[in-house]
Structures are given as structure tokens and as C-alpha cells.
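Read through the structures below before going on.
One chain, subunit A, links the two complexes that follow: it is found with subunit B in the first and with subunit C in the second.
Then we have the complex of A and B:
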């Protein structure tokens, strides 16, 4: 920037100098990029190998490890099919999605009708719209539950199969809330310069929400397993359950702790921060043996490994408050004060003012909390030891290649690994912008 | 609309620092009171205690007839404007202003009416759809004020609202606050460190130092009869000249004798001194820069040389040095200058000054208190 600014003063001489400088910069940048490419190839090589291996059929070729990269007998999805063998996951997922789309359209229709009704009667601010809303949602809820049962043909799993419908129910509630409670779009349109949503924005939003919803259905199914599940799906479900619970609980705890430490002055605040800092220097593995016996007393090993592991990962999560406290410290305190004078309680200040401003750090916290149990092997292996239905994916896959048959199961192991990497990769691609902001944002004022 | 009553209010911080000592003040309904003082004098702390953002360590605070010591800020029915605006960056101006109303579950139509009305008053209607960071400083301050007035609160608190604005905008906003005050007609408490703001805005001014109230009074009162040297120096710009000198009583007449002259004290001041029974004694004499005039050499005239000449347009601020190295500030309206004085007011120029004897201030050198109060 500085060189550019100096051009008018320096005249011709300055310009040539700038040009040669730009050339130098280009060479340096090129070098850096080349280095990065080489390094990422080295780093990614095992992963690339894993992906290619996962597409080699264990039926037509060997299922073991080989010394060539690409599959010889053609690409096949046999390994992936094996992971889902004996489960009707996809038919459940598809039918639930279909039901949701139909019911969602119905829901939107009803909402549109209500909206027209409300618009007609201008002053109908008040209780009636809540009633309308509640009724319509109830109807949809019942309908979707019934539809799920009919589609899946399993009346005994009524509650389980209605759960995706509950998600839809909440989503519709959110949409309806935006319609009526948060802002009256007609009033806002009269304001000059108020941003108007274009159809493209709307389409993007709906598309995003749709993808999110399809993902949510898959996740809910993995967790509650209303369908017949293969062994891999059980492990996957366990991992997902643990990671999701930990992500939610840990995020709530970490954010509350760091907000409190950042905003509220109480006796012993400094002491707590110092003690936590020192305690944090001891590795968590020190407690492994003790933890095992404690969990065993509570019946949270083997069969109860999933809740037991959730407990382990969530314990002491408040100790990771440092980065988010640093971030909260950068948000001016007068915002809190102003909101409190405006009539907000501390909780309302937190979720109406601070949370939206701290979005990067919230996302960073969720990602961190999700990743740790997602990829954990050590705790998961000894807490669930000997009970294959309680394994998480890491332990399960390890036992495939270790105990069963290394030569036969390697390609299936690879396929399982690819599926484990998938959600994390998608998460990072979507949220990397916030992730970087979160890490550096907190670092400026630590 | 309500009165505010601060009775023996005290603030002691956790580290035992006492920021406000025994603050007593009755603020009448619809009054505009300004807290003014140098930084660290406890004025903001007092305001924040009224707002409920700081705990009150001792004493009683009434808003209207209600004791509010332990009432949450949100239940005190007050609104506050902050120095750094404190706008919510993630929502539009409209939502910023509507925030408090929505928290009160006010119907949309009513929210809309109030926000638009406030925006109209402040002239920010066209910015309602924008985010705060797309606004300039003055516009942001308007939004902050708008956010406070939509509430229609009983008491309006302002914590140095103009300090972040540039000088020109500050003057403009000051005038607008006066206008706004006439429109709203509610109780205002305004904190500032700028005596000009205090003088122009306040019905009454509270001058504070180190957690103590130094003087409470109308702008005229504090200007004409400061209770002590601190107030005398704080109010008025440039600040008052304070000279060590001797008050002499001879044949029933008072004289002050700065720099070997003898200036008779006339009018009300002399009567007041007589009434207080003040005799001959050492005093600190206070003379405002505008009460010193350039004069011809003579018996009452003090010879001195010019050091600095600050040309302000309508007036000159002259920093002069007397024979015994005492420095004085003199304020001379340009309109009164003639001939050589007008064109040639340079360093080292010899000048003669006299004091307007009717408006001199006499302070006790030990207690620093005004002898006439």
C-alpha cells in the first residue's frame, strides 16, 4: 500500500522501483505457494490413498492393503455398501424427507393463509395469531407423525419416527415467528433504505435450510436409530450422539463461564482464573484410571459407555474459557449496560446482544467441542471395552482391522474413515471464515 | 417525569477507594442538572449509581417517591445515553431504537409509531434501515438519543454524550439537545467535563471534585459567586487569574494592592465585605480575564509585557508577564482595539492593565473559600 501511495510524489523513478518491487513480491509469493502445494501433497497423501482404497471392491479384488494406488478391477462402492449392510437407513431417510417436503408445503400454505387473514384485519395484534399458529402446527405435527408411520410401516416406533417431524415443527415455528412476532414487514417496508430480500436471497436461504434439514434428519436417525442399523451405523450413531451432546453442553458451559468471568466482578474471580490456569497444565490422561473406576461405580462403562463418555468430555469443560473470555473482553461493556437500561435481563443481554456479536467465537467453541470427542480413541476404547455396541467409530474401525482380519477388512476400514471425515470437512468448509475470525479475534486482546 | 433525590449517597469500591462522599442533591421534576468536574471527580460514578449500573454503598436514592437503591436498572424507568453511543452493531438503526420497546412486548404498530416519531424529531428517518457502522459520529449520537427518547422515560441520563464528536458538531448537537429538552420536558441529568456545555445546558450545575460537591447553583450563580478557588478556576474560559495580595481597609474603604498599586473596591463587593466584617488581611484575589482591561499608564495601572497573543477572532487572549514574573491572562474584545494595539500586538510589547473593581473575587489563602459566601 505504501509503495502505491508514494507514486505521485516519486514520479517516474518511483514507478520503476515499484514495478521491480512488485515483481519481487510475485516471485516470493510464487515460492510460498509452491511450498504450500508440496507440503499439502505430503500431508494429504495418506488421505488420498485412503479415499482411493475405499473404492476398491473387497469382493472382486483383495480387501487387504496393496502397493498400488488406483483400484485395478474398476471403481466400486462395495465397501460403502458393506457399512450399511442390513440396515434400511436410506429408505427411512428418503421417506422422511419426502414426508417433510409435502408437509412443509402444507405448513407454508397454512401460514400464508393466516398471514393474509392477519393482514386483512389490520389491528389483529394479539393473542389470536398465537392460537392460529399453535393449531396449525399441531395439525402438521399429527399429520407428519402419521405420515412417517405409514411410510415406514412400523407403528410401534411412532414416537421415534415422529421426531423428524418435531424438527419440522420447530422450524415452522421459527419461520412463523419471523412472520409475526419479530417484525412486521409491511411496516418496515415503509422505511426508506430498508434492505429488501431479493428472490435470489430467498432461494439461497431456502436451499440452505433444506440441506440443513436433510442433514438434521440423518443425524436424528443416527442417534435414535428407529431403523434396522448395521454395526457401523451403530458406531457412527454413538460417535454422533456423544459429539453432539458434548458440543451443546460444553459450548453452553464454556460461553457462560467466559461471559461471567469477563463481565461480572465477584469475590475470588482472579483466584478461580489462576487455579484453573494451573490445573489446566496437567494432562487429562492423568485421571484415566480413576475415571474408569468412578464410571464403573455409576454403571457408565461398557453398556453405559455413551453417557459415560459424554460425562468425561464435558467434565472440566469450563476450564477452556480463555479464548472466548478474551473475545468477550473486546465487546464494549457499555453495550451490556445500555441493554440492561433498555430493559433486558442479564440472560437477554447475553443472547440478544452478546451472542450475535460473538458469533465467530461461538462457532469456534462448537467446532472445538465437537471435534474432540469425534476423533477420540483413548477414552472411548477403555470405557466401552468389550461391548461392541458401545464403541465409537474410531474404536470400532480399529477393532475391524486389528481383531477381525487385517487383510480382509482394510478397504472397508478406509470407507468407514472417509465417512467419518466427511461431516467435519463439510463443517469446516462452511464455517472456516468464522473459525479464523474466532481464533484471531480472541487472540488480539487475550 | 419525576424528581430525583440523592440523600447522602456514597460509593466505596472494593479496594476501599471512596469515589463519592456523602452526595446530597434534590433534583426537581423537569429540571436539567449538569454534573461537571475534572476527570476522576466521581461525576460519572454518581450518574451510574442513579442508572443502577453501580451499586450504591451508602445513602438513599429516590426516583419520584420510590426508593430505588436495590431496583434493577430496567425497572427504574430511566434512559441513558453513553459517551461511546453503545449502539448494537448487529441490528439496524430501526431495531436499535425499537429494542427496548420490543423487550416490553409493545405491539408492532405502537413500536413503529414511536420509532418513526423519534426519528422525525432527530432527523434520522432516512437512516433507519442502516446498520450503526454505516453512520457518522453525529448520526450515531442521534440514534443513541433516539433510542433513549422512544422509551419516554421519567429521567434522562447522559454520560458525556458529546465528547466523541468534533468541535463543530458538538456545538450543533448542544443546541439540538437544548431544543430537544424543550420538546421532551422531562428530568435530565447530564455529565460532562466541559464547563461550556455545563453553562449552556444546565438549569443548575453541580461542580464536583474528588467525590465532593464543591458547589451547586445556576450557571449565573456559579460564575458570579464561586464558593472557592477550585470552582472559580473551573468555570469560565480562559480560567480566572488568582493573585496573592493584601486587602487593606482604610477609613471604611477597601483597597486591594496587587503589584504595588492601590485599587479601590467599589459597589456591592465592598458592601458585602463590610457586612462580613472583613478587616485588613492577606488574600487571594481572583480576577476573570474579561475583567482586566488595557489602559493608559497611571496610578491604578499595572505595567507588564506581552508573552503570547492568541487571536480568537472576536477577542484576543493575551498572556502577559508582570514585573515580578507573575503571569496573567487577559481577554480583550477585538472591537475595542484601536491603532497600534490592533495591528501590533506582538511578543514583548509593554502593556498597562487595570482591574474592574466591581467584579473581583476574594478568597481566603488558607481555606481557599470565598470571603463573601
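Then we have the complex of A and C:
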């Protein structure tokens, strides 16, 4: 791993005339600032334009491309409204969201109370606190279930509509719990039956992450299934589903391949690496029709395009092991060896020693796997051919702007693009650190 | 020529000598490579021979359990109490036999003609004949299956021999439980690699082999299964694509290839140097808000390309924002031909690609610049070097050394950079001078895509794919021979 050496002043300096040095430095810095500002403007301008144009109404003004930037008839949300038109997204989903937020807040409050109790009393009275905790969780659970019934009281879709609320509540509870329990691990230690904080902590982490993940999947399912969705929402749901599944499966595959190739010396290892190298030199679209046909045999085209795409993205993902292998290579092998001498199996070494150390690259792999399906246009359009309900956002929006008479759909494309780009960009910027680590590591090690 | 002599040469002469050396050593290197390859092939056959000999001796020396295993796979394992293995072997054999009897033999026997029975109409009903596509695909699959079977059969016999030896020496055999345990330990790589290998075999290797074979058939719009048959035509398609006579694709292929290489060159090196420059600027001492600048630039990586590139492509369109404002301000009277003039389109694409590519390079360069020891610069400054000299003597060599492999992968990646071209220009402007629907900004890969999707000219698409592979492989081979640091992977550990 790289050490943070001091940043070299690669560019400037080294002036022999010491007197004018400061002035020169200032001028150079000024020039650099000017350049950076200009670059920033160029880099951001298209995105700002995109946002501006998404607010031009396609009803009262024109939905097509025009040669001016700001809307003339005032700013409107018509394009965004169109994306959700015909769906009960806001009434249904909005109320679920609201309920979850309220319940989450409630749980946070309860946890805060518990924390105060713990601080007040002695840790020896652990048993009451444990009961208190369990009881309060039960109360919140019953409350949330009741809220779900009241909000979406239709008996037929009860389970489907209550599920996301419950799961979101769980997620909120997880976040709240982490937040408060982290502050005071005495609460954990005070619970009888748990020797130290580690096992519970781990269970909590795994459980919480699992709940979060199941929640997002449930949300995806629920976006599409029980309500009247608009086309855009269906596309969005499709893409989100693909991205989530691919993020998990692909990460598992990539990490196992790179671990095996980096740590274990077995017969045929070089052969595998060479074969992958050669296969990688064939252009990806060469095999498009064969893949399409294979999927068709499995019934995974057109209506089944979503699982089909997941299969295709994941099946060959083992070939993209380079970057994470490069990272594993930097973890000293002596760690493995000492653990194996202590009696750990390779499996244990993998998930107990290497995985925790490889957190940056795990996050990088997940991030990449999650982001890729959002941009895939070619294969997605080929597999979903003709069935607009199986499109992903890229295909749908591309068709709006290039096939469906883009004159009328341009602003709606802008609005749709903004809604796609927003969450992805936020996610990316949050995890930027890991991205940089993966990219630089991968570039250096090839 | 001695080293001393070489050192006394001027810079240009040094370069000349080095290039000369490279080319004079090329035949030798190629010869060495061929020799190595030959040795490997020889080695392979030697191994095969010893294995076959092993099979015979095992049969002669083995007991009746082993001998029966030659016919019924897994029999020996079962008879020695290793039920788990034995049953798996036996199951595999059964499945294989069933498959071969029901499908495999039929497909294999038709593989040489790819089917002869035409589909015809009997009144209103269509009677389907042979399906060349299925025959080819399942033919390859059957071959795969046969290879897998032979290997398993060999394993089965080897297993018998080992078991016999273990029993002879008085030790106990491994139970199924031990086998399972070893999958998490000594054999852990098998567990890890099983699923990925299966996926890559089915969804990468099989399709690639299929398409390579399609390049030697006449599978196109007029020979579409299931209504029409297609068959083997030998090297005709390659001739059609590469020869320059009459209405074949030779000229177009040359042009597209040339533009692909030019594009890959600019997309790689322009981004590389500009990205490095930006990284140096941002990381310079005394520049504030480093994180802000970086975040702003990184936006183009974060936002999905189909949003940003599609929008930018529309911005530069004849009725787009840029032309609109330029005309309103009276700077131009006619819209600038960003996407309609070949030269304009190519330059625009390269420039927009800089917008997409700089941030990526900036991130990489930042990471590497941090690693250059600061005392190098310090001593250079004491020696009175100016900024440019330090860049040329310290930063650039270091960067080039460290990112050599990256440059290579980036170059080949750009040869196959579909998204940028397809979303920006879609290969346009089209031209009467180019055949096969190719446009002036089409790369080989986008041309291949058009062949597949628009023209359903699969045979030529397959040929283009193979040629892209050849181009990539040649570039890789040459460069790999020039960069020593790529070869030694253990160095990093």
C-alpha cells in the first residue's frame, strides 16, 4: 500500500533568482487557478445545461432541442411529472417512506432512552436492560406492522406493501442502533450471554447489512409489482435490480478468482491467466449473437431480459480479476502462512484475514459492478429487443432521444438523465476514496 | 559497438540505434518465441504419450476393480468404499452416454456439412429441416463435452491407481468427508474457481469459438436459419474483407482500421499527458481546494456515460446549443459541421474524449506522483534545474516506467472503445466511398456492431472480430517484449 509521502512540487520551483521567487510563484499559482477555474466550468457546464433543460415544460413550451438554454415560459416540473405519470408512486411509496421515517425516529428515540438508562445504572443490572431492549424493539415492530396495515390496508397486497416499510424500518433501526451503540459499547457488554462485544457486533453488522440489502431488493420488487408503474419507473426498477444483483454476484466471483490466482500456487494457474489474457483480446460484441441465442434457449430474452442480463454480466466477470489480484498481491504472504501454521484452513484465511484487509478493493469492486449496468446500452437493447418493459434506463432513454422523434422527447430525456445521474453521482462521490485506490493500484500493477 | 561508443552518441542517434536494434532483434525474438512454442507443443505431446503409457501399464498391473473401471467409471472407487467419488464418476458417464446417444452423435455427424435438409413449405405448413446454427453450436458443445469426458475418464483411472498404491502401502483411503474438507483447504482454489470457470467456458469461450467458425461460413442475411441453411466457405470471407478489387470491403477496412489506430493513439496519449499535467497542477504546493478541483473533474466518471455523452452529442448537433448560441451572437452564419464533416467529427470526438478521459488519468497520476521521492526534486532544485527539466528528467520517466502496462491496456481498450463513438456520433457521417454502411468515425468495433445488428452480416462481423483480435494481439506482443516490468509478477509481492 502506498505511503503518503510528501506531495512533490512537480511543476515549479527551482528559481535561482531568489528575490523574485515569491512573485514568480504567485504568478504561476494565479495562472494555475485561472486554468483550473476554466476547466471546472467546461467540466460542469454540460451537466448544468442538462439540469436547466430538464425544467423546460414539454407541454407549454417545446420538448425538443432548442438553441437557448433557460426556459422561456418559466421553470416547470412537467418533465419530471411525465416520468411518473400513470403510477401511484407518490401516494403509495411516499406514504411508506413517511411511515418508515417516523418509525425509524421512534426507534432512535427509544435507543436514546436505553442509552441514558445504561449510563445511569450500573452495568451489573444487565438483565433488565436486555429485557427492556427486547420489549421496546417488539413494540416498535408491532407499531410498524400496524402502521403498514393502516396505510395500505388492502388485504390482497398486504404483505407486498408492508414488506418495504418493514424493511426500511429495519434499516433505519440498524443505522440508529449502530449510531448509538457505537457510542457506548457498555450496553453490549451488559447484555448477558455475550462474552465480549465482538460476536454481537459482527452479527449486528452482518444482519444489518443483510437487512439493508434485502430491503433494497424488496423495494425494487415493490416498485414494479404492486402498483401501476410508469414506463420510466419500470426501466429504473429493471436497472436497479440488475445493478444490485450484479454488484453482489460479480464481487463474489471477482474476489474468489483474484484470491485464488494471487495466493494459491496450483497446477494450471499460469494457463488460466494466459487463456484469460487471450480471451480478453477478442472484442466483446463479437459474441453478441451467440450469447443472445444461448439466452433465448434458456428463455431469458425479451420478457426475461432482466435475469438474462444479470446472467451475462456475471458469467464472464471472472475475467476482470486484474485489479483486485494486484491488490491481493500487495498483502504480505507471511500473514497467510502464519495463519495456516496456526491451523486455519484456506477458507478461514480468506474470509478472516484477507477480506478485512482488502476492504478498499472490495468496495471498489462493488462500486464498479454496481455502476456498470447503468451505462450498458448495447447488449441490453439487443436482449430486450422489442419489449419496452424489459428495457433498462439507458436503452429507454436512448430510444427517447434517438428513435422516438427526439424533437419531442429531449427535455424528458434530460429529466430522466438527471434522476439517473443523481443517486449514482452521490454514491460515487461518497466512495471516491476507494475508487481512487482501486484505479491507481490497478494502473500501477497492470 | 561498445557501450562507451553508444553513450557518446547524440540523442537522436541513440534513438536511431535503439530502434534499429529493436527491429534487428525482432526476427530473433520471433524465432525464440516460435522455438518456445514448439517446445511447449512437444512437451504437451510427450506428456500425452506418458499418460497413455500410464493407462496401459495401469491396466496391465491393476487388479480387476481397476480394470473394470476402464469400462464403468467409478466402479473401482465404489468397490474400495469411496462411494461419493464413485457415484459422481458413474453419474457423469451416464449423463454423457445419454447425451451422446440422444443428441451428440447426430450433431457431430452433421458438423461437416452444417445440415443438408432444406426447410420447405407443404401447403401452408412449414416443415423445418436442419438448423445450421444449432448444428454448429451444439457440435462445438459436443466436442467440449467429449474432451471433458475423456479427461474425467483419465482422472477416474488415475484415481484407481493412486487408491491401489495407498492400499498396498497399508494406509487408509480418504473418505468423502475428507474430500469435502479439503475443498475448503488444500483444494480451495477448485472451490473458488469452479463457478467462474464454468461461466467463462459457457459464455465466453464457447461463443468465441462459435464466432471464429462462423467466419468460415456464409452465415448472413440471405442464409438465416431456421428457414435457410448456411455452410462452410473456407477463407472466402477474409478474401472479401481484405482484397481491394471490385466491390469488396478492402478499402473500407483499411480506412476504418487506420482511423481506429489514430483514434486509439490520440485517445490514449492525449489523455495521458493532459491528465498528468492536470494532476501536477492540482498537486502543486500552494494550490488550495485540491479536493474540490478533483471532485469537479471526477464528475464525468461518476455520471453514466449514456447521459453525459448523449447530451453532449446533442449539444454539438447542427440545431444544438453550441451552434445556436454561436449563430445568435453572430460569430458564424452557418452551423458548424460538428457531426457532418468527417474531419470535424473526428476532431470533435477526440476532444470530447479528453473531457471524459482526463479525470481518470488525473486520479492515476495523482496516486503515482505522491510516490515519487521528494528528495529527488530537492536535489534537482539544488543543482539548479528548472521546472520543465525536472518534469522531463524525473516525473516523466518515473510515470512512464510505472504506468507502462497501463498505457498498453488503455491503448487496446481504446481500440474497442464502443461507447464514446456510438453515443457521440454513431459512426456518422456516412459516405458513399465506404461500403458496408461504415461511416467516417466508425471504429472496427462499431462497424462490427452495425454488421451484426443492422445488416445481420454475421460472417463479416466474425471476420472483423478476428482481425481486431489479431491487431490487439500483435500490439500486445510487441509492447510486452519491450516492457520488462510486466513479465515478473512476483516482483510485487
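Annotations
Following the convention adopted for this analysis, the second predicted complex is superposed on the first by the 259 of 446 C-alpha atoms of A that agree within 3 Å, B and C clash if a C-alpha of one lies under 4 Å from a C-alpha of the other, contacts with A are read in each partner's own complex, and residues count from 1 in each chain.
Simple rule for what comes next: contacts are C-beta pairs under 8 Å (C-beta built on N, C-alpha and C of every residue); 3 or more make two chains touch, one makes a residue touch a chain.
Computed from a predicted structure; not experimentally measured.
In the superposition on chain A, contact is made by A:342 with subunit B only, not with subunit C. In the superposition on chain A, no contact is made by A:51 with either subunit B or subunit C. Counted by residues of subunit A touched, the larger count belongs to C, out of subunit B and subunit C. When the shared chain is aligned, subunit B comes close enough to touch A:353, but subunit C does not. Applying the stated contact rule after C-alpha superposition, one finds that A:334 touches subunit B and leaves subunit C untouched.
Touch criterion met: A:33 reaches subunit C, while subunit B stays clear of it. In the overlay built on the shared chain, the residue A:394 is in contact with subunit C alone; subunit B does not reach it. Once chain A of one complex is fitted onto chain A of the other, the partner contacts of A:421 are limited to subunit C, with no touch recorded for subunit B.
Of the two partner chains, neither subunit B nor subunit C is touched by A:248. Overlaid on A, the two complexes show subunit B and subunit C touching the same residues of subunit A, namely 332, 345. On subunit A, the positions that touch subunit B within their shared complex are 123, 125-126, 183-184, 187-188, 191-195, 265, 332, 334-335, 337-345, 348, 352-353, 356-357. Residues 14, 51-53, 72-74, 78-80, 82-84, 86, 88-92, 94-95, 99-100, 103-104, 107-109, 112, 116, 125-130, 147, 151 of subunit B are the ones touching subunit A in the complex.
The residues of subunit A lying in touch with subunit C in their complex are 2, 4-16, 25, 29, 32-33, 35-36, 39-40, 42-44, 46-47, 49-50, 65-69, 253, 256-257, 259-260, 264, 266, 269, 272, 276, 278-279, 281-291, 293-294, 311-312, 314-319, 326, 329-330, 332-333, 345-347, 350, 371, 374-375, 377-378, 382, 394, 397-398, 401-402, 406, 410, 413-414, 417, 420-421, 424-425, 428-429, 432, 435-437, 439-446.
Touching subunit A in their complex are the following residues of subunit C: 133, 137, 181, 184-186, 188-189, 191-193, 195-197, 199-200, 202-208, 210-211, 278, 280-287, 293, 295-308, 310-312, 314-315, 317, 319-321, 323-325, 327-328, 355, 359-360, 363-364, 366-374, 376-377, 380-381, 384-387, 390-391, 394-395, 402-406, 408-409, 412, 416, 418-419, 422-423, 444-445, 448-449, 452-453, 458, 461-462, 465, 468-469, 472-473, 476, 486, 489, 492-493.
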